[in-house]
Amino acid sequence: MALPEEFHEIAKRVNNWGRWGAGDEIGTLNLITDEVVRQAAAGVRSGRRVPLALPLRQDGVQTGMIPGRVNPLHAMVQTNQELFGPGTVACSDDVVTMGLQAGTHWDALPHVSHSGRIYNGRPAHTVSAHAGAEFGGIDKARHVVSRGVLLDVARARGVDRLAGDHAVTPEDLAAAEEFGAVRVRAGDIVLVRTGQVQVYLAGDKHGYGYPSPGLSVRCPEWFHARDVAAVANDTLTFEIFPPEIDNLWLPVHALDLVEMGMLQGQNWNLEELSTACGEERRYAFLLSAMPEPFVGATGTPVAPVAIL
Amino acid sequence: MALPEEFHEIAKRVNNWGRWGAGDEIGTLNLITDEVVRQAAAGVRSGRRVPLALPLRQDGVQTGMIPGRVNPLHAMVQTNQELFGPGTVACSDDVVTMGLQAGTHWDALPHVSHSGRIYNGRPAHTVSAHAGAEFGGIDKARHVVSRGVLLDVARARGVDRLAGDHAVTPEDLAAAEEFGAVRVRAGDIVLVRTGQVQVYLAGDKHGYGYPSPGLSVRCPEWFHARDVAAVANDTLTFEIFPPEIDNLWLPVHALDLVEMGMLQGQNWNLEELSTACGEERRYAFLLSAMPEPFVGATGTPVAPVAIL
Amino acid sequence: MALPEEFHEIAKRVNNWGRWGAGDEIGTLNLITDEVVRQAAAGVRSGRRVPLALPLRQDGVQTGMIPGRVNPLHAMVQTNQELFGPGTVACSDDVVTMGLQAGTHWDALPHVSHSGRIYNGRPAHTVSAHAGAEFGGIDKARHVVSRGVLLDVARARGVDRLAGDHAVTPEDLAAAEEFGAVRVRAGDIVLVRTGQVQVYLAGDKHGYGYPSPGLSVRCPEWFHARDVAAVANDTLTFEIFPPEIDNLWLPVHALDLVEMGMLQGQNWNLEELSTACGEERRYAFLLSAMPEPFVGATGTPVAPVAIL
Amino acid sequence: MALPEEFHEIAKRVNNWGRWGAGDEIGTLNLITDEVVRQAAAGVRSGRRVPLALPLRQDGVQTGMIPGRVNPLHAMVQTNQELFGPGTVACSDDVVTMGLQAGTHWDALPHVSHSGRIYNGRPAHTVSAHAGAEFGGIDKARHVVSRGVLLDVARARGVDRLAGDHAVTPEDLAAAEEFGAVRVRAGDIVLVRTGQVQVYLAGDKHGYGYPSPGLSVRCPEWFHARDVAAVANDTLTFEIFPPEIDNLWLPVHALDLVEMGMLQGQNWNLEELSTACGEERRYAFLLSAMPEPFVGATGTPVAPVAIL
């Protein structure tokens, strides 16, 4: 079964292969210039900081549906251990095992492939158990700080959260811009709020994942037109799930990561940010969302913070 | 063997227990106000971003000397797996196991205890294998963004890196302030550069850890006097190792974490930042160093970024 | 809340502390002499081998109810990697993370404590995150091979599996001896079949764990009278769950492990063995159930085999 | 670079593809019949049990040379935790992360491939990060109990351990048979003692791995002629390392696992067994070496036991 023609047509329109050179491994992060960051910092008004990561714990968002993507397992190797003898300062040390895509995370560019290719036309087999991703691993994305823009689609539509079958369209994005009196610019990191994370926060992990609102296959063209640097939202799958088009699974992943070379973020908690932006009547801010530099990894937990 | 009287006298002078209430779990992070952050953002000049984390990989800084503190083990659970059938978009997923204090990290307040107590006088036994840290776990430190100040002690002393037996003193810190034409203020996150990480970067992991320059037991009083919010440096042990005073192990840990309630960072790579600050002739910047919110953890990997 | 008087009375009767010396760390395994093993080997008739372990996989018996006791996570670090250059022999390597008590396992003696003590009166605090179990860790149990006896309580009662509220009593054990025409002797390893594992094998993991038939608090005295070396069964909790006596949780664990110093096994699949013993009309066999020698561990996966 | 003609000629002579059917996944384990096991049990004389596994701990045999093959990391998730309330029975639970080939282990048949094939001609790509090994995973090897024979090559040659450049030849194996007054028969599991593990036991992990005596490329034909079921020894690499023939890496692995379909064991501690066999003047015994049934794994820790 091949991907449908419709997909390939969009792919052609949003493709960035070669745009920043044949050796490029960071894609649309190239759009974040020092000037973009300088302006974003200059736009900070209150100094209010809003963290966007869900707590990392065994009772995380994963349900076992995605094989191997395990919630964090936290264990201790020292608890108040007087390593240098009785009466000395005592240490506690912990270890963790987790899926890099299990919680609030960034997908690295080689997280998905299609037709045997990852971003910039590299062969998919450059991802291996031995080395992880030889090209475009998350450790290459070293400067993920930019202006962030919250597109609060749920609030713009007058609801707390979107219905499970709501595909977020470019029209929704534009309406959220208007709602927030903000215009997405080149180099921005766009946060799309659906409100879906409320389902997880209310204790229903299965309902959180499925059915879930999420981005429509039509969104990547909008991101491409605006030269967005990265996009994150508050859902498990990022794009609407189950998908809009029968048997076309994860088309937004393929367009964003493979064709455009654009980082995607999932399971971001945008609830407090929605409140903060509403209160401050400002939907743009400085956003720091630095990947943990796991060498060759196809994703990473991230602890993003919006600075308003 | 009890801790020496000398230690207890300093402890008394820097103690912050109760300063922010009996229930406080974040200590000196309370000193980072919105206003501090607002001013730090307003101080951004170039938008240049400098990442401060070492790559996370199996060949990390740990040598096996600290039991259980393992370098990251990266493994794959999917490589280009067509989860939805042949010809569909293919996914790669990874998992990691690591010591939370193994790489570039923050120590959480309960990472050490002495005399049966952690920060704010809580019993040390509130750290357990079952729950990790019930009080002051790293997930409580939700807003670690502030003004950062680089105290480039090595350059201020005219060397690339300090000798292995150099204890960084308050006088060194003051000299580095002067060198950088900057004054440390309340709520700042201070980065102390020794240059020691060069030893690791040159391939000598054992030499990196020991002997190592690091903070003197006299530094916490200086941090306390300046109301510093957090301190990080570019060494394995943070404080000079082996210690200045025979049989007094980890006194700076005990003073910073237990008495003051101040986050400590280790294994930060300050080399590129040293160059950048030198070039831009500015040693203050906006620093984002958000902990990964591992619930109940006594430490966390961190991917800090300085925004100049 | 203290343990009830009833418990302490039984504890006194089955206590083996000091029986094999103050330094003993293996308890009733002392009862397995070379002669016991010699006779067990001499009793082998057909050479038929029956494995008793459940497959180790992410979809194992754990449901998340027991914090930290995770099913095995299997991941690859090499897949057909030509480590020595193109065209050379290629290697695949895997790693696993798992709870040592997650699948078919032995509980080591220090797996539980009560009233601050583990087996042989050692302080419970000799189990720590730093060293695991200093005394009685599973690595001390180096010779777990003996005569095995299947007490097929379910078949003896004429059912496929016992009801969820059935507490297996000494009378049940005696009836199963009679059913199997076998008499439990000193040094035997006793396998008690309830049939409960069928619930897991049929896909109902939650129903497998709760409610579950299992050993009554009265069984340890019977094991003690017979000088049994170890006991395993085909349930998650080993003893009846929820417990027979309100608020008396895990009394059989405390009696077996702490008082008697007797290894316990859980999640053993006794279905094929039940068939084999029925076909061969013999309920005794040579049993090898060697612990993986994890140093200081309070449990271990085990791959037992009955040789008929 | 292709494998040399010499290799392919041997491969042709020892190849077992199709011998037990096109669907076979266990290779030479087919040679272990009930009758073989019955006779092995009947041969037990003393009941003495000798364990053959090295302790599993962080300070294991791995040095970091083989990427991802990590020594066991043991950590606690409960230590004396009164899960059901104060004063109740308290539990300790542990977790482990480890390379499945890191300690005393079996290599599963698909652990290596050559020329794109694993045992029985299956494509190498049937090993993946997603599913591990679809064919011949270690969970398929469910009955690894047989007669064991110790070929004590070191003692037969009158030394404690073989020199680092000693390739064990078929002549060595035959001499060890004569030394032990034993003849290897169809279905036997052969243990080849070099004494090399003494180097690890003496604390020299690097010296243990390299240079190391081990099997010559000529041995597989001898094993094939005798219809051996499995072979294990007391070295890190199993075969002589560095190899006998320049640029021909791991030829014995390829012949044993891919061509013959024969399990290989490494890092077995044969020291105590050597003493026991010497004392009892018997070099054959019942051997139980059951794999932990990790589904799809290309190897497994094993805790073998010889019953004399």
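So that you can tell them apart, the chains are marked A, B, C and D in the order they are listed, and the count of residues begins at 1 in each.
Definition applied: a contact is a pair of C-beta atoms (placed from the backbone, for glycine too) under 8 Å apart; a residue touches a chain by one contact, two chains touch by 3 or more.
Keep in mind the model is a prediction, meaning the values are calculated, not measured.
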Pair joined by more contacting C-beta pairs (B-C or C-D): C-D
Look at interface B-D and say which pair in A-C, A-D or A-B is its repeat, using the rule that over half of the contact pairs are identical by residue number. A-C
How many degrees of rotation carry the C-alpha atoms of subunit A onto those of subunit D, rounded to the nearest 5? 180
For subunit B and subunit C, what's the span in angstrom between their mean Cα positions? 45
So, what's the distance in Å between the C-alpha centres of subunit D and subunit C? 26
Would you mind listing the residues of subunit B that make contact with two or more other chains? 67-68, 70, 73-79, 92, 94-95, 97, 128-130
Which category does the touching pattern between chains fall into here: line, ring, star, complete, or other? complete
Of all residues in subunit D, which touch subunit A in the complex? 67-68, 73-77, 79, 94-95, 97, 129-130
Under the definition above, what is the set of subunit A residues touching subunit B in their complex? 1-3, 33-42, 44-49, 51, 53-57, 66-70, 72, 74-80, 83-101, 110-114, 124-125, 127-129, 132-133, 139, 142-143, 145, 247, 249-251, 253-254, 286, 288, 290-299, 301, 303-305, 307
